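Here the structure comes first, spelled out in C-alpha cells, and everything after it is commentary.
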Amino acid sequence: MKRFGLHLGLILVSAVVLLPPLWVLRTSFVPESMSYSTEVMPQFTTQNYVDLFTNNRFGSYYLNSLIVALGSVIVALPFAAMTGYAFARFKTGGRTARFLVLATQMLPPVAIVLPAFALFRVFGLTNSVPGLTLAYAAINLPFLTWILMGFFEGIPVDLEWAAQTDGATPWGAFWRIVLPVSLPGIAAAGVLGFILSWNEFLFALVLTGPRTATVPVALAALQTSNGVQIAKVSAGVVLAILPLVVASRFIQRFIVQGLTFGSVK
Amino acid sequence: MFRLAIDRDRRIGWSFAAPGLATLAVVMGFPLVYACLISISSLTLMKPQLQPLVGFANFATVMSDPLFWGSLWLTVKYSVITVAGEFLFGLGIALMLHRTMKMKPVYFAILTIPMAMSPVSVALIWRMLLQPNLGIANHLMETVGLPRIDWLGNADLALWTMAGIDIWQQTSFVVLILAAGLAALPREPYEAAEVDGATSLQQFWFITLPMLRPVAAIAVIIQLINEFRTYDLPYVLTKGGPGTSTEVLSFFAYRRAFLGLSLNEGAAAAFVLLVIVLGMTVAFFALLERKS
Amino acid sequence: MASIELDHVSKMYANGAYGVRDVDLTIADGEFVIFLGPSGCGKSTTLRMIAGLESVTAGELRIGGRPVTHVPPRDRNIAVVFQSYALYPHMTVRQNMAFGLKMRGSPASEIDAKIRDAAGLLGLTSYLDRKPAALSGGQRQRVALGRAIVREPEAFLLDEPLSNLDAQLRAEMRLELVKLHRRLGRTIIHVTHDQVEAMTMGDRIVIMRDGEVMQVGRPLDVYANPANTFVARFLATPPMNLVPATLSADADGALAVVLDGATLPVPGQHAASYRSAAGRPIIFGLRPEDLHEARQNQAWQPLELTVVAMEALGVENILIGQIGGEKPVEIAARLSRHFHAPIGSKVMLYADLAPMHLFDPESGKVLPRPAIALTAQ
Amino acid sequence: ETITLHALMEDVPETQIIEKMLPDFEKETGIKVEFEKIGYGDMHDKLVAQLVAPESYYNLLEVDFLWAGEFPAAGWLADLTPFVEKSGFDLKPFIPAMFDLLGRTKDQLPLIPMYNYSMGMIYRTDLLADPKLKEAFKAATGKELAKPETLADYVTVAKFMKEHGGVDGAAMQGQRGDPNAMEFSNYLYSAGGEYLGADRKVVLDSDAGKTALGLYVDNIQHAAQQGALSATLDDTMRLMCSGQAFSMVTYWWMLPQLDNKEKCPAVAGKLALSVMPGGHGESGGWGWGIPKNTSEESQEAAWKFIEWVQSKKVSVARALEGHAPVREDVYKDPAVLAKYPFYETALDVVASGKSFPIFAYSAQYEDVLGTQLSLAAGGQAEPDAALQAAADGLTQLLNK
Amino acid sequence: MASIELDHVSKMYANGAYGVRDVDLTIADGEFVIFLGPSGCGKSTTLRMIAGLESVTAGELRIGGRPVTHVPPRDRNIAVVFQSYALYPHMTVRQNMAFGLKMRGSPASEIDAKIRDAAGLLGLTSYLDRKPAALSGGQRQRVALGRAIVREPEAFLLDEPLSNLDAQLRAEMRLELVKLHRRLGRTIIHVTHDQVEAMTMGDRIVIMRDGEVMQVGRPLDVYANPANTFVARFLATPPMNLVPATLSADADGALAVVLDGATLPVPGQHAASYRSAAGRPIIFGLRPEDLHEARQNQAWQPLELTVVAMEALGVENILIGQIGGEKPVEIAARLSRHFHAPIGSKVMLYADLAPMHLFDPESGKVLPRPAIALTAQ
C-alpha cells in the first residue's frame, strides 16, 4: 500500500517532468509550419533533424559539446576532489578559502566574460576547444569542490587512519579509500560538471568560433529575427538530452545505499 | 612539537588543494581581478581604458538608479522562491526515489531529463508550450474548461511563471545531489530510530534531514548562486518585462554593460550582486552552524 | 505482554548463507535470557529478527502471542543496544538518549529526569553535551546502553552491551541491569561473551552454534549438565577437560574411567546411569575447578600430573599438567594463587569426580545422568 | 597567400542567400569568405569582444542600424569613404533613407547598406471585404469598412475586428525592448510624431507622441491578442499565419512568408501589404562595415566583397531569391517586379520609412523606451508619465 | 628498533578536554605492554598518538630514540587494530587484509600466503570474499585483527582487539598473539579490559586513570602490590576489599587492624613496615581470594561473616558478607563452587593476612611494605 503511494507520487512528478519533453519530442518530428498545431502528430517528418545536421552543422557542435563537457569534467573532477578533500579533512585555508573558492562563481558571467576573453586571447585559447574546456573546468571546479567536500565530510576519519597506518600515503588513502567510499558523491559531481558545461552558453558564445561552437550556441541561433525555428530547436533539444538519458542508467548504479555500512563501530 | 604536527597536516592539505586552487586562480583569478578593476575604473565600450580610476563612483551611479533597487529586491524574491521550490520538490523526489527499488532507474532517467537542456532551450520550449494563443498549455486548459492564461504577458504572473519554469528545470540538479547524499548516509542510525519508535516522518525530520544537512546545504547554496545569476530565462522569456516585472539583477548588469556600453557600471552592479550572494552564503552557513 | 516465540525461525541472507537455522525457542514475558555462542553463530541475527530489523525467511516469530511479520520495528516497542552502537552521529549524548522518549511523546520534564538518572548511572553526566565522535569507545557503548534503559519498552535486546567497558564498570552495569529487570519486569535478551554475566544475570541461557540452538536452561544447570561436548567446552575458560577414555567395569560392577596413565573410579551415585556404556570408549569430562590441591574430602581421587605450564592470573593459578602415559593428555586445573610448582615437576592433585560427565565420542552428546546440585540459588 | 574573410552573420534567409553565392565571389577574386551564423541577440556581445581586442577575428562586419551609432562612436569601424573613392563605387542607386539609417554623416561613411527591414502593415483583405462585417462596421461607426488610412482608423478597425470579426484585431509584438519599441515607432511616425526634432532636440513627448501612445495602448489593450505584452515577432507571425488576427505591423518582407499556401494555408491569398496608415513606418536595415583592428590587406579584401555583394548584378540575383533590397534600381528591376509585384509597395514602405534615433546608445534607448511602453501598455504607468519618462531617458542618453 | 618513549606527553582536544595528561613512559623494543584503565581514561588516545594519528599537544614522543613529530603514520610502520575496527567497507575481507601489504609492495604470492595463514588462524577462511557489511560483529573484529597481524611492523597497537569474541576464541587468540610476539619479537601495546589478558599476556601493565598513569609494573607485582586504592580496586573483580579501620599497637608493639566488629593481628613480617602508622586511621585491603572456607594454615585468622549474598558463577561462588558491628561493612570472598550458605546465616572464614595492604585514607596511597612473592613465573 505504501509502495503504491510512493509509485503514485513518482509517476505524478515523472509526468510533470516528462510531458514537456514529450511534446518537444513530438514537435521535433513535425514540420515547422505545424509545430504549433494542437494535434498530436499532424504530419511526420525527420526533416528537422536532417536540417540540423546539414544546414546547421549540428554534428560538429554536438561533438564539440561532448568533448568540452567530458573534457572539463575529466580535468575538473580530480582537482575538485583533491581540493574538496583538503577542505573537508585538513580544513585547508579555513573558512576563508572555502568561501573564496565559491565566490569566484558568484559574479554573473556577463561581468567576467570579456575579461576572460581578453585572458584567453593572450594565450591563443579563443576559438579553440581546449580553451573552452579549460574555462569550463575552472567554472565547474568551485561547485564540484563544494559538493565533494560535503560528501567527504561524511566519511569516518577512522578509515583514513587505518589506511595511513597500513602504509598508505595521504594520497593513497584518498585514492583508494576516500574516493571509492564516496562514489555517490563522485558520480553526482561528475554529472553535475558535465551538465554545467553541456549547457553553458555565454562563454561558449564568446570564446568559440564557427568550428568550435557548442550545442547551446547552435540552438540559440535558431532564435532568429525571422522567428524561432522551434521544430529544429526541439530536434536539437531531443538530441541534447540523449547523452544524459543514456548515461543515467549507468550513473544510477553508483547512487546506491550504505557505502560505509559495517566499517566502523 | 604541536606546531610541527599541525604543519604536516597543513602541508598535505595545501598539496591536495594546490592544483585546483592554482587552476582556479589562473583561469578565474585574472578575469575576476580585471573585472574588479573595471568596476572602479572609467572603462566603457566607448572609451576602453581603465584610467582614470574612479573608485566607487560606478557603484554610486548604479545604486542611485531606482531600477537597481527594484531589480535587487526582485532578484532576492525570485531566488528565494525558486531555491525554496527546488529544494522542497527536490528533496521530496529524492526521498521517494531513495525508497523505491523497482523502476528506480526509469524514474531516475526521467527526473534528470530537464537538466540536460540548456536554459536557453528550456526557455524557448516553454515559450512554445505557454504561447498564449496557440500553445498546447492553454489549449489543454481550455479543453478541461479552464480559462486561457496569459502566462508571461501579465505583470503579476510573469515572475511566477518564470520561477515555475526555473523550478521545473533546476529541481533535477537538486534531485541528483540529494539522491547521492541520501545514498551516502550511514544505515545504522535508521535501525536505531526504527526501534526507538520513530515514524517515517520523524526519521526524516530527526535523522535524514540533519545527516543530509552538509550536502543539502551545499545544494541550496549552489542553487542560490545560480538563481541569483539567472540570466538566460528572463532574456528569452520576457526580456525583463512586462514593464520591469522580471528585471533581475544580472539582467540589469548585462544591460548596463552591453546596451549601456558602460562595462564599468555593469561590473559594479555585478560586484554588488557578488557581495550580496557571498553575504547570504556566509550567513546561511553561520546560521546552520549555530543551530547545530 | 512480551513473550517472544521463535517458531522454527530461519534467516537466510541474500548471499545464500544462513544466519540462523530453524530456531525454536519461547521466551516468557519478563524473562531474562542470555544468548551465548561463538562469534558468527547467529546471536545478533536472532536479535535483529526479533526487533524487526531483519526479515524472517522461514518459520514464524510471535511477540505477545501474535505473529509480528508485518509489525514494523517501531510498533514492537523494543529497545535495542546494537553491537555496533548505532548512535546518532549528529546528536549529543543527551539527544541520543532522549530520542526514543521523544518519539513516544514523553513530556520534556520526564525525559530530563530520566536522562539525568541514566547518565548518573552510566557515568556520562559530564559528557551529555558531546557528540559521539568526541567520546571514547566505552563511553559510546554506554550511550548506546543509556539510550535503551531510559525507555521502558516491552523488551530489551542487548547485543554485547558491556563488551567495551572495564571490569569494574561492567560489574556495576551488570548489577544495574539486574536491578532494572527487577524493577520493570520486562523481557530482556542479553548477548554476552562474559562468563560472569552469563552465569549470574539471566534466568536462562541459550547456547547457539552455527545458527542453531544447542542447549537452553538455567545457567547453573547448563554449567553443571552440559548437553554435549560443545556446550561443555564453551561455557568456561579454561573449558572443561575432555579426555578420550574407556569405561571399564570390574567383576563386581564398579565402573572406572580408564585414561592413558590413570584410572579413576566412577562415583557410586553415577554407576547406574553409566552402566550401559561399560566397555565402550567414552569422553571423560571434568572441570578444572574440580581438581584440588588439598584433599578436603576423602572421596576425591588422587591424580598425579607433570606440570607443563602454570598461568598466574593473580587471583588464581591455572596449572596445565600431563597425565603420564604413552600419549600424554593435557588437563587444566584451577588452583589457588598461592600454589607453586616448577615446570616439569610432578604434583598430586585431588579430583572431585562427583560433577564428572561422560560423552559419546561420536555424537559428542552427554551420557545422561541425574543432575547433582551445585549451589542453592 | 589568400585572405579569408570572417563575418559574424545573423542566421536568416538574407545570409543564406548570400552564402549560396559565395563560391562565385571566390572564383572571381580568390578571396574566401566564411560566415559564422548565430542569433541576432547574441551577435552584439560576440562582436564587442572582438572589436575591443587588439585584433579582430572578424574582418568583415554585418552591422545592425541600432549599432550604427555605437560602433563608429567607439571607433571600431574604418571610414569607407576612401574605399569608395578609390574604387569609384557608385552610391547613387542606394535609397538615401538607408544611409541615414546607417550612420552616414558629413564626415564619415561607416557602413554600406546591406538589406532593409522597414515596417509596414500587413492585413487581411478578406475580412475587409466581408459583407457582414462591412454592415456591422457601418452600423457601429457610420463609416465604410476599408483599409485604414490613419492611425486612429487603424485602431478603430482593429478594435472592431476583435469585437465582431472573430479574430484579434492586431497581432502585436508587445514584448519589452526591441519588439515593442519598433512597433511603437510606427505608431509614432503615423501619428505625425518624431523622436528628435531639428537640432536633435527630443520631441517625443509632443501631442502627436501622446496621441500615438494613447492609440498604441488602446490597441494593445483592446484589439491585440491575449499575451501581447510578451509577444515577439515570432508570436505575431504565427498568429497571423493561423488566421486568428486581422493585421500586424511588421517587416514588409514578411508578406511572402505569410502569403504562402504551404506554410499558412489559412491566410494565403487573403493578405496585403501597405505603408503604415498615416504614411510613415519605422525603417530598419543592416549595413556592411570593416573593423579598424584588422590588417590593411584584409580591409581591401572586405571592400572588394562589399563592392561585389552590393553591386546591381548581385543585388538583383539576391532579390530574385527573396532579398530585401537597399537599391532603388533593384526594386524597379523588371525581373524582380515580375516575380514579386508587391515590391512596388515595398519601395514605398522603404522610401517613406523614418529612422529610430541613431546614436551611440540606440540599443539602450530602445530598452528604455520599451520599458515605458510596456509599463503603459500593462496599465502599470500612466501613458503621459511613461511618455515623459521615455523622452527624458532619450535626452539623458543623448547627453551622455 | 621500536622502543617507544612518551616524554611528558599530553593531548588536549579541541574542546579543551584532556585525553591524556603528562604521560611519562618508556616501552622497550620488543616489549609486550598491556594498557588498562577505566573507560575514557585515555588509552586509545595514547595509542593514536603513538601511531601518529593524533597530534601531541605537549611533551615529546620518540620511537626508536628519535622524535617522530615529523614522521607520518605510514613511516612509523606500526600496525593498529582500531577499537572501532575501521574496516574498508568497499573491500572484501581479503582485500582489507591485503591492503597494508600491498601498500608496502609485498609480492602478490606472499600476500596470498599470509592472508591464507591469518584467515586460517582467525577462522575467517570461508569469509574471505565477503565485504564487512555481511559479517557478524566478532568476524569484523577478527578482520581488523587479521589486517594487523599479516603485516610485520615495528610495533603493534591493539585497541581492545578481542572484546567482541567469545571466551574460547579469545583464549585461542590470546595464545596466538603471544606466539606472534615470540616469533616476531616486536613491540606490542595491547589495550584490554580482560583480567586474564592483562595478567597473562604482557611483560608489563600500565594502569591509567583520567589521562594519567597510575602504576606501571609486571602484572603480578601490580596485582600483589598496588600503588593505591584505585589500582587495588581496579585490577580484579570482585575487587580488593577495602575497609576503613584503625591500626592499633599493643603494649609489646604487636600491631592489629581494628575493624568495626573484628580485630585482625598484622602478620609479624609486616610489623616493621607499618609501625609508624600505629594509632592512625588506615584503609585495610584484602583480596576476596584471601578469605578461605577452610583453615589450611594456622596463621590464617578466623573472621565471622553474616551472609548477605551469594553469587554462583559455576566455576566458583562469591560470598558477600558483613562483619558485625555498628556500621557493618561488606566484604567479598571467593569460595569454591561447592560452598553453600543460606543468606543471613553466619559463616566462619579464614583470612590469609600475609598479602594484606594498608592504605592512607587521605591520599589513597599504599603504605609501603616489602613485596611478598605470589607465584614463581
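For the reader, a short list of remarks on this structure follows.
Think of it as A, B, C, D and E in the order they're written, each chain with its own count starting at 1.
Just so we're on the same page, contacts are C-beta pairs under 8 Å (C-beta built on N, C-alpha and C of every residue); 3 or more make two chains touch, one makes a residue touch a chain.
To keep track of the chains, here are their UniProt names: A = Maltose/maltodextrin transport system permease protein MalG; B = Multiple sugar transport system permease protein; C, E = Multiple sugar transport system ATP-binding protein.
The shown structure was predicted, so the numbers you read here are calculated from the model rather than taken from an experiment.
With centres computed as the average of Cα coordinates, no chain lies farther from chain C than D. The leading chain pair by number of C-beta pairs in contact is A-B. One simple way to say how far apart two chains are is to compare their mean CA positions; for chain A and chain E this gives 58 Å.
A separation of 15 Å divides the Cα centre of chain A from that of chain B. Chain B and chain D have Cα centroids separated by 37 Å. Counting only residues that touch two or more partner chains, chain A has 36, 114, 118, 170, 202, 220, 222-223, 228, 258-261, 264-265. For chain B, residues that reach two or more other chains under the stated contact definition are 9, 131, 134, 186, 188, 211, 258. For chain C, the set of residues touching two or more other chains reads 83-85, 137. Remark: chain A residues 264-265 touch chain C in the complex. Interface residues of chain A facing chain D in the complex, by the touch rule stated above, are 33, 36, 113-114, 117-118, 121, 126-127, 202, 205-206, 209-210, 213, 217, 220-228. The part of chain E that touches chain A in the complex is made up of residues 48, 51-53, 72-74, 76-80, 82-90, 99-100, 103-104, 131-135, 140, 147, 151.
If you check the complex, the residues on chain D that touch chain A are 6, 10-13, 34-42, 45-46, 48-49, 52-54, 57, 117, 233-234, 237-238, 241-242, 257, 262-264.
Those residues of chain C that touch chain E in the shared complex are 13, 15, 17, 36-40, 43-45, 83-84, 123, 130, 134-139, 141-142, 159-160, 163-171, 193-196, 199-200, 219-220, 223-224, 233-239, 287, 289, 294, 296, 310-317, 334, 336-340, 342, 352, 374-377.
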